[in-house]
Amino acid sequence: MSLRFSLDELMVIEASRQIEDENIVLVGTGLPMVASLLAQKLHAPKMCYVVETGNIAPEVIPTPTSVCDPRVMYKAIKHGSLLDSLGGILQRGLTDIAFLGGAQIDEYANVNSTAIGDYNNPKVRLPGSGGANDLASHAKKILIITRHEKRRFPKNCDYITSPGYINGPEGRKDAGIVVKYPDIVVITNLCVMEIDKKSGKLVITKLMPNISIDDVMINTEFKPLIKSYVNVSNPTKKEIDTLRKEVDPYGVYLKDT
Amino acid sequence: MSLRFSLDELMVIEASRQIEDENIVLVGTGLPMVASLLAQKLHAPKMCYVVETGNIAPEVIPTPTSVCDPRVMYKAIKHGSLLDSLGGILQRGLTDIAFLGGAQIDEYANVNSTAIGDYNNPKVRLPGSGGANDLASHAKKILIITRHEKRRFPKNCDYITSPGYINGPEGRKDAGIVVKYPDIVVITNLCVMEIDKKSGKLVITKLMPNISIDDVMINTEFKPLIKSYVNVSNPTKKEIDTLRKEVDPYGVYLKDT
Amino acid sequence: MLNKIIDKTMSAKEAIGKFISDGDTIGVGGQSIGRVSTFLAHEIVRQQKKNLTLVGCNLSLSMDLLVGAKLVKKTECGSGSFERFGTAFQWRNAIQNNLIEVQDYSHLAMASRFLAGSLGIPFIPSKSMLGTDLLKKQNSNTEKPFEITDNPWKKNDPVVLLPALQPDVSIVHVQMADKSGNVIIEGFTTHEPEMIKASKKVIISCEKLVDTEFVKSNPEKITIPYIFVDAVIEQPLGGYPTSVYNYYEHDSDHISEYQQKARAGGKEYSDYLNKYIYDCKSFEEYVKKAAGPSKIKSLKESMLKLL
Amino acid sequence: MLNKIIDKTMSAKEAIGKFISDGDTIGVGGQSIGRVSTFLAHEIVRQQKKNLTLVGCNLSLSMDLLVGAKLVKKTECGSGSFERFGTAFQWRNAIQNNLIEVQDYSHLAMASRFLAGSLGIPFIPSKSMLGTDLLKKQNSNTEKPFEITDNPWKKNDPVVLLPALQPDVSIVHVQMADKSGNVIIEGFTTHEPEMIKASKKVIISCEKLVDTEFVKSNPEKITIPYIFVDAVIEQPLGGYPTSVYNYYEHDSDHISEYQQKARAGGKEYSDYLNKYIYDCKSFEEYVKKAAGPSKIKSLKESMLKLL
């Protein structure tokens, strides 16, 4: 295998593999946008891209850097409102996949994007929920792409902005969330973790090439479950070429190796 | 006074006099539409015409016969939805004047457009509320134009579809209606009745030319209050000419005398 | 994106057959004598889908035909009216004879229920209907059609809660759509945007099938994006005898004929159904019998003069 | 109708002076680095309107400037972010130092509150925020920001009720408007349609004033009818340094400069306010200082290439 690639690239490629054709995907910019455009160009040509700001099914021009970027408005079917996207599509139950990010992700896949430390006396105030809580509450499947750092994976979030499984397998059901048992997949540059529906906790399901379970454990504050796991498939030439040449040709998000 | 006119014409003209400039008027077709267009052409040029079906501020072409008529869509500022008209403008509290019709109007100005007889075993089923209940609930001023027949003015409506003052001066407040003490004006071919805010009941305030209080009483099942009353002003030549030549030129609603 | 178009075009026969089942709740488009989905309603009559619940705001010809054909068990709407052509007489007759169940709401209440359905929330507040018999007199068989609650932010402020409504299938006739189901409604839109977005399945008939490139160049013209739509049928005159803005005016003669038969009922009405639906091979045959080419031409010309 | 146009054009000085009072709740338009109402925010800073409550979804530069100028007592929003340019740092700093009160909601929750306000209903249900600290941890001074209730139509189904929000005044920068206040927003519209329709007063600045005849010939382009709008100001580049779809891209350099000063705070930040607001006679002078004609030309060209 002479194909050279970075783990950041493979992280995005692995995320793109989670998207199926005809999926309705609610996504902002950044790596999630890169992953979904890659999926669309590879195996999900009928994917529908929905942006929180209200743009429905644009033909995205590489490479947007904001949910307000004209590059996510090009040839959109409709320029709607945030209520159309997050209410009429997402809360309505029509979103197959939503992407999340956040400063902290705990073992139940709860996400904190509000405050580090005490909410009423924060050490660091973060931007807040934005649409993240809505995405985590209503999408059928939740994808989280993040670089793997220990401080990002604490035992408990300082503040739960967006619900994972809250506190156990029935946590969402007990709270009254409509989507009770969503798939949640966390894709990092070290591994893939998914929600184990029996425990409501994250379990390691895949390792990135040349990464060991120990590498993951050292970089994770909580103790992810381990069952059977496999290696993340290496990228194909087509995946790498499409990513580099068509999706992020200017290296806005990813420098090639 | 050589000007010849019918009481039907004067009824519409008197209704048009209730509309002030810059009023937002929610109206369907029929005589209310005729009255509001007349007002706009005479003394309320900045009136805003809103149609329940969603058309906002059209330049109405004479003479529409339906709320779906293309004549109420011409050069509209916006073709919205029923929710825009009845929710975003009416329930939002922005409607100055709304017109109502109905099969029965009682002494509290409650209106029945649902059923004659017992609701669950009706003698005659009528079309139902439509937007009428919404108009009566949320407009600041309610106008009712109707030909004066005894059966139309019973002591009690068989069914209250649209609220007048319900059962007394505080009837709307007690029911939780937002607009607690609206003006309500009933204009017929015999007289004008208005809500007396002390009693919540209709009181005769004006008589049509050559009509006596007795004429009204004979044709009204309930006993309208009588305080001081005046005569409805005769139409001016301009009112009659505008009505006949510009608003209803084909005599769709009104035949001239 | 839509790099590839998902083609949802099919025949009305296929769409109604595939998506509507006996007992379904059907969202009905159109209002009064404007843009009524007669084409799709005829096909439901032809396929004899039964025990339907019809929902909408002002339902007229579609509702009256389906009630007259004895396919309806319940209606939930704001009114049954053809405006100056009178009440929906078959519906009136069915209510007066206790043949159907009926749940009355105001128009705003119905539109609000669809809005709630379209947003995925279980109910929605309203300040309409308070103090009236709409909240007091109920048709005996109906389920809990509303709830009255206190406003948690204000004392002594009763609020009506209305249950969200998500029809099983909606039928709507529009001006234009593309193959994938992007819908363009011109002129008034009544309760349709909220109803369509609330529905589990949506069948659209349109005057004209347009190219997706046209859709993408005119995002402000799109009323409903394709993700809400399941079937598209191009059917010129599919709203006849009611009017379709930009295409044709309503046919007073045929509406009056319908109303006369619907009011008379009995054999006169079943003769109408036979002549214009059961004995017609297609909707075109109905339009030909009911109007004919020169009448249609004049209805189109009459509309064009008003634009 | 609009047979006669009600002319609502005036200067920003007049509009902000006339419609905004100390203590008001201000609805803030724009999102992140797109179509932010910087022109109108600068005028509020200039007039030193105090004790404001700012409401919106993702508030960035307008909010950060007003907080930095010490005019804000509270924010109710979904996020304070410039996306890849970082958090809203003056806002962050104010929260970390307990200088302002903050009430957090999700974006959908805020949009829903505006929707309720725009429909005249006192509250609206949501199924967002359940199970999270958004419903558990409250900033001490805030009033009842939500209520949890049972769904009357389904057992064991908790529902969040959110209070309607009707800002005293909203400030929004758009592409086009006519003199009477018919508003055309192109591209994304975020929370603005609902917020504008919910507001008691609305001040609009626009890139271009258009003729009412243009408005009437393009009803599908109208985002907001004139009845909701109180003041219209034509101000080209009124959204600078953020982007305005169809007109210009955002200015990365100046946004980075702002963020660097906002993060640093203290004298660096007050120097920024002095240089770019207090010492400028007009918004044009600010744009000239911050960008200059050739930069502006390139931002416009860059946008045109993307259409």
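We just call them A, B, C and D in the order they show up, numbering each chain from 1.
Here is the rule we use: a contact is a pair of C-beta atoms (placed from the backbone, for glycine too) under 8 Å apart; a residue touches a chain by one contact, two chains touch by 3 or more.
Owing to the predicted nature of the structure, the values given are computational and were not obtained by experimental measurement.
Of all chains in the assembly, those touching chain B and also chain D are C.
Here B-C and A-C were compared by C-beta pairs in contact; the pair with more is B-C. Centre to centre, using the average C-alpha position, chain B and chain C are separated by 28 Å.
Mean C-alpha positions place chain C and chain D at a centre distance of 39 Å. Rounded to whole angstrom, the centroid-to-centroid distance between chain A and chain B, based on C-alpha atoms, equals 57 Å. Among the residues of chain B, those touching two or more other chains are numbered 79-80, 83, 87, 90-91, 138, 178. Residue positions of chain D touching 2 or more other chains: 112, 119-121, 126-127, 157, 159, 220. With chains as nodes and touching pairs as edges, the resulting graph is of another kind, matching none of line, ring, star or complete. Taken together, the chains touch in the following pairs: A-C, A-D, B-C, B-D, C-D.
Across the interface of their complex, chain C is touched by residues 22, 24, 40, 45-49, 56-60, 75-80, 83, 87-94, 138, 178 of chain A. Here chain D touches chain A in the complex through residues 31-35, 57-58, 77-81, 83-84, 87-88, 91-92, 95-96, 98, 104-109, 111-112, 115, 126-134, 137, 139-140, 156-159, 186-194, 242-243, 245, 249-250, 303, 306-307, going by the rule given at the top. Residues of chain C that touch chain D in their complex: 112, 116, 119-127, 144, 147, 149, 151-154, 157, 159, 161, 163, 220-221.
For chain C in complex with chain A, the residues that touch the partner chain are 1-4, 6, 118-121, 182, 197, 215-217, 219-220, 222, 225-227.
Residues of chain B touching chain C in their complex: 28-30, 51-55, 61, 65-71, 73-74, 79-83, 86-87, 90-91, 110, 114, 119-134, 137-138, 159-163, 166, 171-172, 174-178.
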